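Here come two complexes built around subunit A, the first alongside subunit B, the second alongside subunit C.
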Partner chain A sequence: MTAQPSATQVAHFTLTNGLEIVVIPDHRAPVVTHMVWYRNGAADDPPGKSGIAHFLEHLMFKGTEAHPKGEFSEFIAGIGGQENAFTGPDFTAYFQQVAKEHLKTCMEFEADRMTGLVLTDEIVAPERDVVLEERRMHCDTDPGAQLGEAVQATLYTHHPYGVPIIGWGHEIEGLEREDALAYYQRFYTPQNAVLVVAGDADPEETLRLAEATYGKVPARGGRPERLRPSEPPAVADRLVTVRNEKVQQPNWQRHYLVPSCRTAEPGESEALDVLGHLIGGGQTSLLYRELVIAEKLAVSAWAYYHGTALDRSRFIANATPAPGVALETLDKAFDRVLAKFLAEGVDEGALERAKTRLVADAVYARDSQSDLARWYGSSLALGQTIRDVEEWPARIDAVDADAVLDAARKWLVAKPAVTGHLLPLEAEAA
Partner chain B sequence: MTAQPSATQVAHFTLTNGLEIVVIPDHRAPVVTHMVWYRNGAADDPPGKSGIAHFLEHLMFKGTEAHPKGEFSEFIAGIGGQENAFTGPDFTAYFQQVAKEHLKTCMEFEADRMTGLVLTDEIVAPERDVVLEERRMHCDTDPGAQLGEAVQATLYTHHPYGVPIIGWGHEIEGLEREDALAYYQRFYTPQNAVLVVAGDADPEETLRLAEATYGKVPARGGRPERLRPSEPPAVADRLVTVRNEKVQQPNWQRHYLVPSCRTAEPGESEALDVLGHLIGGGQTSLLYRELVIAEKLAVSAWAYYHGTALDRSRFIANATPAPGVALETLDKAFDRVLAKFLAEGVDEGALERAKTRLVADAVYARDSQSDLARWYGSSLALGQTIRDVEEWPARIDAVDADAVLDAARKWLVAKPAVTGHLLPLEAEAA
Partner chain C sequence: MQKYVAASSPESAVNVRTLVTPRGLDVWLVESHVVPVVSLEFAMRGGASQDDPGKAGLGLMLASLLDEGAGDLDSQAFQRALDEKAVEISFRNDREHMAGRLRTLVKNLDRAAELLRLALNAPRFDEEPFVRVREHANARVRHDANDPASLAARTWRANAFPGHPYGFPAEGTLETLAAIERADVVAAAKRVIAREKLVIAVVGAVDEKGAAALVDKVFADLPAYGDLKTVGAAEFSGLGRIDTVTLDAPQSTIRFGRPGLMREDPDFIASLVAAHVLGGHGNMTSRLFREVREKRGLAYTVFGAFYALDRGGFYYGGTTTKNERANESFEVASAEIRDVALNGLNEEELEKGKTYLIGSYPLRFDTSVKIAAQLVQIQLEGRAPDWLVERNRQIGAVTMADVKRAAGRAFGDGALYTTVVGKPEGF
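Moving on, here comes the complex of A and B:
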């Protein structure tokens, strides 16, 4: 095993208003990454208001009483910094990367828009059009995205992970200023936020800066409750087919509902990580070797376990068929590969290589200040601890062959799944 | 066209507390049917509390302060009456059929349990076990029911019609006394109810009785809002397969999302009624003639338009394959029958016979006092008017061949659908 992340370097504080603070020192350059993570994402959108988390993320750039529209972004651009924001199913995050001397100003701006957001109908209506256009461009007119949305909605029939992060078009159209404000007031509180500062920052000094800025934001009640219906047991296999004239390249996919890092039994999420890598991580994986190299049924094939989620998550396999190969052939080929994996057991050398690779990727991620900040931020936003993050390599290292096979038997073989087929109009099922 | 229902006989009143009253005189026997319809059903269950409408229906028999457990039912049984209750997606209804002289006592009991329900944990917990057992017996252990639930959940990915009326097991387990009371207090109000009295009852006298009983129930706010996310446009065909060792007889089904009587353009719901009858109503229908008689692919085949719903509803086709016929063969055969229907157009004689049949069935329904009461009650609970009900035969009569073909083209041919396959374990797809 290569170098472990050093747990002692990362500092963790909580302000009296409930704001959690993580400081990850990285003194290679005089730069800091400043992120605020809110523990709410698209899966917390109220029923009928899908897209509100993402829409509010857009609106958060529209200015506050103290700093009208554009001032924050102009400041960042003016000092040669970078900024961005993103909405996931479980969190929403805002970040800036700036020279270290500007950290306090970033904090002032970000703390200000935790309470001071100004929304008028004149601001909200055109931004809603921007989001609707984003949806039209990236979802409604892209058959691959349509399949993705339809598969997701079929896999999650009850839990809100079935709803696209951007929201359903007809519901975005109905999002009003009052919806955005109600959502903002419910979720954008210090109790519900995690501040992550990575880079050339001293923990104690960062804490002082945070107290002087975020510390002034009054606490508001407890952490907001997340109301998410959970998925009933799946009893049926489901095949979702999108046929569209725009499809040039058919695609095959398989989605299984599996535990996330937050819902798994101890060790299970890590076993699924290793399983994903063994079955479908890169060109040495079983899926690639069987489907692409040996059987020549596909030109690409991969699998992936998405463990970073608050609620039940997904194990995904994906393949692009070789010319002339029907997607039904890939359905059966995948089942065959899985059966072969279980029959032959796990090669110890392959297991060790997979674990080394997974941990190495995590260690390399630390070379990117913003990736590292993202890792801690997303983990804490999901309710994990610093220790959970830092012990992850050791937990991966502890996964043995039995755990991997058990995970495959329990979550893939025995469970109904959703299969997705993307096809051109003229192509008929074989 | 045969005899029209006589509109003038039905009386319609509204009490000052908001309760609507419909009186349908039927003096053939000294009997009355007394029903109370609440404008809330399983699709109004709050997120995460699926099954609460149905659970409360059970709990409504558990007694009030004035009439402890069993008194109401014992009274009905003692006078040789009948009683029942049912929960649908859009309404919940309670009814008794009794000798006419007991109408007022029924009203007293029913008005009493509109406000006086007593629930303790000692009542709620065992009844929850009863419902869970009902679910286990009728849903979880019946592959046909499992397929039905999975198809419904796949057709409605976002709208609550995708959730079973009885609720998902894991959510029923979590239903508490407080949930039932909150639901009761929100929905069981005079404003939200329709009283239907059919039988040997005089309208004015019935109104006086209602005023003396239901009239004492205080109004509580406006009619409760129904918060139901609507379904996004379907972009994918979906195939839902349940394979189970208990399946003796495979089954094929196809479900389309179509307008209900409440969401359709004028005439469209009636055209779908006629379409359903032409394609799949009985042994003279196209589907039966083609699949069962001509091609011998199926031993039964039918189709049906379910128009009685508040939100988008379903057009369903169903077939039982002949021995040795793969369900994929039925997929293609149904598409072929539909294409043939559109290519050949509607035979005028068949159209007239279908319309006559539909109206005749409605007229015969009037011979059953309780069916008639149900028809008015369900229609009014969906927000239709007495006139909507009474003009339905004339609207069916007005459907022409073009309207039927347009409905088929618009809602069946052009739209993605959900297909269901029920198969024994050993049967492999052909």
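Moving on, here comes the complex of A and C:
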């Protein structure tokens, strides 16, 4: 075990089997959030097995040799705890929120299912149907979600971020017990996991509990490798259109490939955060003022930089057109807004407001143990350090106008992008 | 000294003080200086049930326009003022209330209070934001027009409460939104924004004096009385009927429900325990979850709960299943509902359900914003701060006989009114 000092109260340890531990004390309520993050997500699904990370996440609730079917969930329900799990492109996480005296029991259960999962075909088959229903509900019945999937698949021509997290329906149908177990054995190891405990927990005591539970899971050698093809530079502009009879409200979107917090040059990811806010964060942003208020081409408009990713990530703009406005008009209007941004430079007042807002978010996050647990957990799962997280507000504060303009020039203005159009059927005839 | 208290009641962590401000307003305060943030939550009577049927969506328009310019600040100036200090102010409209929320860093509390004061006391309702907000509401209606879950909820509500405000679309329709004029919003503000029946909670890094000053600044100059219309009792319609709305989708979205008990009913708490065991939200061990999802793989979501509004209580639940198996899904769910109606719960279910509801209560109080929202809700229900303890005591006291009687009264013979959206087979 090695301990690293931290600027705040947040404690960071590593067990001898390689499990990283983060403890974020907050003693306001006698409650703890217990999370385990695995450094693998949907983008690590083997080719042809899309959806396996997410399917396994469902199957992780099915029981182990020591704690058969449903015992963990029964325990959590019995003490009035909350539990769930989620799969992202780069990580998979499991969490419980419980009264503090149940922390050790949660650790025992969670450590047990790191290696002890038992699956039978009788369990796997109905759960695959559940996932197919989840996909139907969230994707197949919603033309907006279908456009989202199509845009993402177009933006990433080679990298697996182009494949939906839940998987493609025809591949989910073919996922078997053996696929889930092979994936499980490859990735669910202490070296590949980060334990986060936030709330009414003492760091040293938590470490002791972790050693007594997770510490017993044998080390499995090096951390499993993520084998992902990288995305080639984009050279083509692409337009993706979904027309569907269910659509009554069209939608416009634009997606750019941009660096993530892990692939960016120093300061660049933070400049993109600020840029996203200036271009499309709320009603005072440039996009809203131009498209919605001044030109009345849209009834809402926003933009967002998604920096939390391992590989090349996205900058997204979105607008809901005003009645009668063609989406092609928004294509041009967005380009015009970007050009105007470069031509006029950064308004110092707006820059300060954007930074104030982003830095305040870090303070607001301290009010929620589960938000903090997610922030630290996702950052560490992406290979960032505690220091990276804690210094983020200072790095945002250091962003100046030149950095923002450089980021806009380098990644957005006149760069190849994917534009998405969501339209009703009758627009075809018009 | 370390406190080792079981988290069986939030009261150990949430020390509520009730105070009366110098200008006579009641406030519930939880003071905590760990994080330099202050949250304020409030609610007034009002909401969508005050809308005229021909102007459904008016309450929503009102709530959406309060942060769109006030006093000397036009919409952009007001929004910039919020951004300058990272102050968060939002308003929302539910069925029976107009509610709002403020969150700020404590160092900006004065400015935040001033902005919330302006929004409530001197809203401008300028023409530009009025038109813009209405266009946004129209876009929302068009977006939801064929969204299966929205469509199912709208249809179910309209048919379960025909002619009653609970059945009107709170979000309005393209026709009703078009009928709303700026003068309607001004009039609605006069009817709703008042100190009458106002409830307030403040949570965070502020002491009694600071909280009282904040509340007086924001609310004390509001008119004492609004002018709310009386809403009649909501009669439930359609029991035993299934309405199908055809939509080209691979799944059927099913919504079902029936009348429930009023909050004041002595069996209300026991009926909540029964509903939790049957299909409570987030209960991954509920009967519906087990029978519909785990055993048969019929759906990703399945749920049901009792809702107690001022003028009627009801049960509302649903599930979403591929068209081919939609009827099977509905039959499995309704069989479980009938079983609970006729037989109540078994002892193990009752005990587990009670332990869960008691143990999970403190988890609703884990952030300032959530604490403030809970404290407002408790006040709206007309309860005292001891509800933080009393609620769990009442759940703990529910017996087998109570739950059987309450399930029998609340679920009756288990008959449901049901809406199905999709291309369901077997109905």
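In the analysis below, the second predicted complex is superposed on the first by the 419 of 430 C-alpha atoms of A that agree within 3 Å, B and C clash if a C-alpha of one lies under 4 Å from a C-alpha of the other, contacts with A are read in each partner's own complex, and residues count from 1 in each chain.
As a convention for this text, a contact is a pair of C-beta atoms (placed from the backbone, for glycine too) under 8 Å apart; a residue touches a chain by one contact, two chains touch by 3 or more.
As the structure is a prediction and not an experimental result, all values here were calculated from the model.
Trainee: Which partner does A:177 reach: the first (subunit B), the second (subunit C), both, or neither?
Mentor: So A:177 meets neither subunit B nor subunit C here.
Trainee: Which one hits more subunit A residues, subunit B or subunit C?
Mentor: Of subunit B and subunit C, C contacts more residues of subunit A.
Trainee: Please indicate which partner A:223 is in contact with in the superposed arrangement: first for subunit B, second for subunit C, both, or neither.
Mentor: neither
Trainee: Quick check for you: in the superposed arrangement, does A:26 touch first (subunit B), second (subunit C), both or neither?
Mentor: second
Trainee: Looking at the overlay, does A:410 come into contact with subunit B only (first), subunit C only (second), both, or neither?
Mentor: neither
Trainee: In the overlay, answer first, second, both or neither for which of subunit B and subunit C A:127 touches.
Mentor: After superposition on chain A, A:127 lies in contact with subunit C alone.
Trainee: Which of the two partners, first being subunit B and second being subunit C, lies in contact with A:50: first, second, both, or neither?
Mentor: first
Trainee: With touch defined as at the start, can you tell me which subunit C residues reach subunit A in the complex?
Mentor: So the residues of subunit C in touch with subunit A come to 3-8, 10, 12-14, 32, 34-37, 39, 75-76, 79-80, 83-86, 103, 105, 128, 132, 135-136, 138-139, 142-143, 145-148, 247-251, 253, 282-285, 293-301, 320-322, 352, 355-363, 365-369.
Trainee: Which of the residues in subunit B end up touching subunit A in this complex?
Mentor: 47-48, 50, 146-147, 149-151, 153-154, 157-158, 162-163, 168-171, 227-230, 232, 234-243
Trainee: Sort out for me which residues of subunit A touch subunit C in the complex.
Mentor: Checking each residue of subunit A against subunit C gives 26-31, 61, 70, 73-74, 77-83, 97, 99-101, 125-134, 136-137, 140-142, 144, 199, 245-249, 282-284, 289, 292-293, 299-300, 320, 322-323, 352-354, 356-357, 359-361, 363-364, 366-371.
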